[in-house]
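Next up, some structures in structure tokens.
Across the two complexes that follow, chain A remains constant while its partner is chain B and subsequently chain C.
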Partner chain A sequence: MPTITIDGKELTVEKGKTIIQAADEAGIDIPRYCYHPGLSIVGQCRICLVEVEKMPKLQVACYTPVMDGMVVHTQSERARKGRKDVLEFLLVNHPIDCPVCDQAGECFLQDYYMKFGLYDSKMLEDKNKKSKAVPIGKHIVLDSERCILCTRCIRFCDEVSKTNELGIFHRGDHAELLPYPGKTVDNPYSVNVVDICPVGALTEKDFRFRTRVWYLDETNSVCTGCSTGCNIEVHTNKKREYKNEGRRVTRLKPRFNKDVNEYWICDEGRYSFTYVDAADRLGVVMKRVKGELQESTWAEVMPEVLTALQSAKENNKRIAVLGSPKMTNEDLFALKKFASQTLGVSQMPVTVLPKEKPFSDDFLIREDKNPNTKGAGYLGYDTDHKATRKLLDDCASGGVELLIIFHHDLEAGFETELVKSALSGAKTVVFVGSNANTTSARATYILPSCTYVEKEGTFTNFAGRVQKINRAIEPLGDSLPEWTIIRNLSRKIGKALAYFEAEDVFKDLTKNTAAFSGMSYSAIGDGGLVAEENGKLKQGDAKAAAQKTETATA
Partner chain B sequence: MSKNGKILTPLIENDCNLLENYKKFKGYEAAKKALKMSQDEVIEEVQKSNLRGLGGAGFPTGRKWAFIPKNSQKPVYLVINCDESEPGTFKDKYIVSSATHVLIEGIIIASYAIGAHTCYIYIRGEYVEPARRIEAAIKEAYDAGILGKKVLGTDFNLDVYVHRGAGAYICGEETALLNSLEGKKGWPRMKPPFPAIEGLFRCPTIVNNVETIAYVPPIIQNGPKWFADMGTERSGGMRFYGISGNVNKPGIYELPVGTPLREMIYEHAGGIPGGKALKCVVPGGVSAPPLRPDEIDVPMDPDALAKIGTMIGSAGIIVMDEDTNLVEMLMASIRFYHHESCAQCTPCREGTGWLDKILQRMLSGGARERDIDDLYEIGDSIFGNTICPLGDSAGMVAKGYIDKFRGEFEAYLSKSIAAKSANSPELKKAS
Partner chain C sequence: MSFELTKESKLVIDELLTRYPNKRAAALPVLHVVQKQHGYIPAEAEPLVAEILEVPPVKIREVLMFYTLFLQKEIGKNHLQVCRSVSCWLRGADRIIKQINEKLGIHDGETTSDKQFTLTEVECLGDCEHAPMMQLNDDYIGDLTAEKVDEIIGKKGQ
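Now for the complex of A and B:
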């Protein structure tokens, strides 16, 4: 392995790596526009110029491979001048409209100007005019004047989404990024081009003019759009709530995880958060009075639900539970424990397959649109759709006294007739969920639960990777995490569950479920851990996770 | 060879785009000879001849050929660069138009030497008639069994295709040319890998200029020493010099490498019209930094020119007399780079446009005090920081004119600023 020196720091680097990759590993900051670790290297923006001893010209750090004995200076006068010159060139035709640009605050031009530029411009000429505010896709707006032609977006469409929509047209300083004639950037991963755009050329329609980025808080989380479990950052605006039209989550951004989604997320997942503050969001406890659902309180409803459970138990009537793969491992474990220990429920289905097969591909988008089906399986739930049908059949035939349903909109997966007769077959239907649907509309009680951005917990993705979600915003209204609702029930009936926070549930879970044994929140970290049916962590996985946490914090 | 010792000129003069004419000049004898030699022997002969690339960079041709990996599993390609677009250069046009068969013969020898069975001739789009002629000559060669299966009766197979460019100067840069040939945007590639290792379709490829390849058959025919002896120590033989601008007899002249520039202007090209004084000479196409009249005793040899800070390039000599406005000349050169910059890398894309804007403003009466320093600084910031030599050229040219003719630029500037103040209504009112 070659040994090189960057700014006096001696590094041993894997052969074939380039200077910028070596510097990144060593925590030495070299600026970049066109270089992106998830894309091919083109070396065309030239901002990463560094001085390499024994080489007459400045070299681009992104493209130049390391060689044994190489001595690199990133802060020498020549290197600094080279970068400053490139930055000045980039701004020659740039409109410098930061005050009205959505990228301001997370713009590489601004950042590097403050770091490497700080010159008085000698540019006195008129700037070139190019197209502004062009909608180039369903979610994307292009401002060509701000574009620095780094081609990151082009390479994304060529190499990652493989949809080839974008190109550079014309030559010289008249060159412009545009979609090819007749094309729009509407692939399932299109908005990633906005994430990787280092400047304000590509902006997201949904985010444009919504808020300044410095008002945003970031919380690490996991996308719940499907079973891939892409790592995300939830950006919330608590400092200027009025700026977001009542929406508490401003946007989702992909978060790097080399084992899951690398740098990307799909558009479907990116906009999957809208249910958090949607009109159908359940924030109030409800109960049916004279056939009508009416607002109520936990204090009023909990004793009634408990009485119903108690009477069913005492009269040896059957209680049935339909869990949901949208619940966290913690929710599912608490439910399982409570249902089997206290309610005597043994069969616990979770799956409702939609009538039509949803879109999926061989990259990130999976057919299973639930974040935790795998976890439900590990925790002993029956993940077969047929098990749910059987449960509904039992209800329809009058065999069930009390039915507790989590989240599901049953009509999405079953015939309306069956759903109707099943829900009217049970004497009491308790619906626990975050959003209203045709099932909640027929429930006796509605217990509002938190969405994934309002609580803590873990999901197990399709590959068995257990990943952590964190609380980004306060729960809406009366809503509570599902495990808390179950815990509260358990305090009045049967054996009380001694949980005070999600981590308590998880600790109990790891002790009692082979697949999760040995795990902890701190070991899961930001990168996740792979659960195994036999209960052993994949070799080296814990170590890798620990390292990743370190780099993430660095 | 004709009596005055010229090599390719007689072929051009005798319409060797037709096979029957070329046969009179021992046409295709050199190829027959080469096909009997081993590949390495051919490369060695070319190496010994000191033939250097005549397209601009001047890299030793034999050495370039030797870079092709031996026993490559991938096909090897020969690509002929006929994207002649450097202002002041117009030699390849004559070779492909009228000495076409010597080029084809050179292609056979070069392809054999490097182990290529496919050759592409990339010709600039504007060369409509030359492209037509070369297509016709290739057809003649196929019909005569010179190209295709069993070249000249041997076991060697070779196909030659003509590809017409779409009008971009940058496609004369070899890697941009390869991208264009592959159907991609004509953007230069990052190097390494060099084309000899990974070129056309990521296979080993040699890209040679038309003129370079046209000199190969005479070298094989007459031996490398004959060719080397005509030139200088490190650069063999003859080459075409295109002379244009303020001279009595502009045109192309085939002369030995190392002919002094003064001789070129005042003897071969017949001096400057009206007996005017010389102001400035560009020795190798607009990309070569200019020379002052006191510098023209330099021999036209790559090494000698490099020593005085310019280059032989494509040997397109542009002569400017005392009446030339060098601010205009610089503007014309920079406007060309601005127009032709491919937009790939930042310094060239933005820098050439910026230089152009400053020069346009200077020439339309809006000169400012600091313009000369700005031009120089911008040129300096482009130079050395780009992917390909186009940006370097623009930077070098801007710096070159100011370095050599600063006095003239300053005089223009003060005259222009004075005129501006005289015409300014505010100033008039004040006075």
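Now for the complex of A and C:
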């Protein structure tokens, strides 16, 4: 392997890598616009110029392969001057409209100008006028004047989404990024082009002018839009809440994980957070009084639920539970333990398949729109849709006294008639969930639970990778994590579960479930760990988890 | 409007494709074949060429919009491309252009109503020793004078 020196640091680099890749591995920062580790290399923008000893001209770090004995200077006078000149060219036609540009604050033109530029414009000519604020897709707005023609978005559409919508037409300073005539950028992964745009040329309709980015807080999490479990950052705006228009989550951004989603996320997942503050969100405990659901409190409802459970037990009547693959491993484990120890329920279904087959592809979008079906399987739940139908049939025929349902909108997967007779067949229906639906509307009690951005826990994705979610915002109203609701019930009936934090549940879970054995929150880290049926961790996984993750926007 | 390649064009393209290590490398000569057949390259031809070269249509459009020699709309039978770069300009290119403007009533990029002439002002064509010069369709005509321009227009305009 070639040994090279960058800024006096000796590095051994894999053959075939380029200077910028070697520098990235060594933590040496070389500026870039067009280079992106998830895309092909084109050497378009020239901002990554470095000085290489014995080479007469400055070289582009992104495109120059390493050679044994190479000595590279990224901070020499010549290299800095070269970058300054490139920057000056890139800004010749740039409108410098930073005060009204949505990219301001996360714009590499701004950043590098402050780092290398700081010159006065020498141009006497007027700047070119090009199209501004043009919607080029359902979610994306294009400002051609701000574009520096780095082609990252074009390469994304060619290489990752493979949809080929974008191109650069005309030449010289008339060159302009545009969609092919008659096409819009509406592929299932379209908004990634906004993430990788290093300047303010491509901005996101939903986010535009919502807030300045420097007011945002970032929390690492996992997308719950499907069973892929793409790694994400949840961006929240607590510093300027009045800008949020009632929304506590401002946006989701993909977070790099080479084993799951690389740098990307699908549009469906990106906008999957809206239920967190939707109008149907449940924030209050409710109970049915004279046929009507009324607001109540935990203090009032918990004893009533306990009494109902107690009386069903004492009279040897059947209690049934329908779990949900939207619950975390912790929620599901606590429920399983409580149900089997105290309620005498050993078989619990979790799956309600939608009537129509949802969209999926061979990249990130999976048919199973739940984040934790795999985890439910590992924890001993019955993930067969038929098991849920059997449960509803039992309820409809009057065989169930008390039914606890988590999250599900049963009508999404079963005929309305069956759902109606099942829910009226049981004497008491307890609904635990975060959002109202046709099922909660027929419940006796509604216990509000947190959404994934309001709690801690883990999900197991389709491939068995256990990944951590973290609390980004406070729970809405009275809502509590599902495991807390179950823990609170267990304190009054049967054997109390001694959990104080989600991590306590996880510790108990790893001791009692083979697939998760040996895991801990710190070992899962930001990258996740793969669970195996036989209980052994895959080699090298812990190392991968320990590796520093980087964000897709970097 | 639909566009189709003639049998002759197809044969030429098939031969062109054998000259390159991959199909997309033949983009420029193939586009010239299309332009030769049709006079210009209509938008409808883009997907067709793209299919032959096994690339997305957007890649073809990028190429043909980059090069000014590829035309995207119909022009006159005679394409007068008058050089306006330094050498020609010093030797009176502006007078030649003005003469055409007045004689034919067309300016840069315009076509006469009888579709006989199109005028395009172009940058250096590399024939400075014969400045001022123009390219008439595929031929260079140098050492232009007012009489020579009149002659060209008179002869071609019939």
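What we mean here is this: the second predicted complex is superposed on the first by the 546 of 554 C-alpha atoms of A that agree within 3 Å, B and C clash if a C-alpha of one lies under 4 Å from a C-alpha of the other, contacts with A are read in each partner's own complex, and residues count from 1 in each chain.
We take it that contacts are C-beta pairs under 8 Å (C-beta built on N, C-alpha and C of every residue); 3 or more make two chains touch, one makes a residue touch a chain.
What you see is a predicted model; the values in this text were computed from it and never measured.
*Asks:* Since both structures carry chain A, what do chain B and chain C do when superposed there: clash or fit?
*Replies:* Here chain B and chain C cannot both sit on chain A without a clash.
*Asks:* Per the contact definition in the header, classify A:Met55: touching chain B only (first), chain C only (second), both, or neither.
*Replies:* So A:Met55 meets neither chain B nor chain C here.
*Asks:* First (chain B), second (chain C), both or neither: which does A:Asp158 touch?
*Replies:* Only chain C is touched by A:Asp158; chain B is not.
*Asks:* Check whether A:Ile47 is in contact with chain B, with chain C, with both or with neither, and answer first, second, both or neither.
*Replies:* In the superposition, A:Ile47 contacts chain B only.
*Asks:* Is chain A touched at more residues by chain B or by chain C?
*Replies:* B
*Asks:* Tell me the contact category for A:His170 with respect to chain B and chain C: first, second, both or neither.
*Replies:* both
*Asks:* Can A:Leu149 be said to touch chain B (first), chain C (second), both, or neither?
*Replies:* Only chain B is touched by A:Leu149; chain C is not.
*Asks:* Under the stated touch criterion, which partner chain does A:Ala514 make contact with: chain B (first), chain C (second), both, or neither?
*Replies:* neither
*Asks:* Between chain B and chain C, which residues of chain A are contacted by each of them?
*Replies:* Common to the two interfaces on chain A: residues 167-168, 170-171.
*Asks:* Given the complex with chain A, which residues does chain B contribute to the contact?
*Replies:* The touching residues are 168, 185, 190, 338-347, 349-354, 357-358, 361, 368, 370, 374, 377, 381-382, 384-387.
*Asks:* Write out the stretch or stretches of chain C touching chain A in their complex.
*Replies:* 43, 56-59, 61-62, 65-66
*Asks:* For the complex, which residues does chain A have touching chain C?
*Replies:* 158, 164-171, 180-181, 183
*Asks:* In the complex formed with chain B, which residues of chain A make contact?
*Replies:* 41-47, 49, 56-58, 63, 82, 85-86, 88-90, 92-93, 122-126, 128, 148-149, 167-168, 170-175
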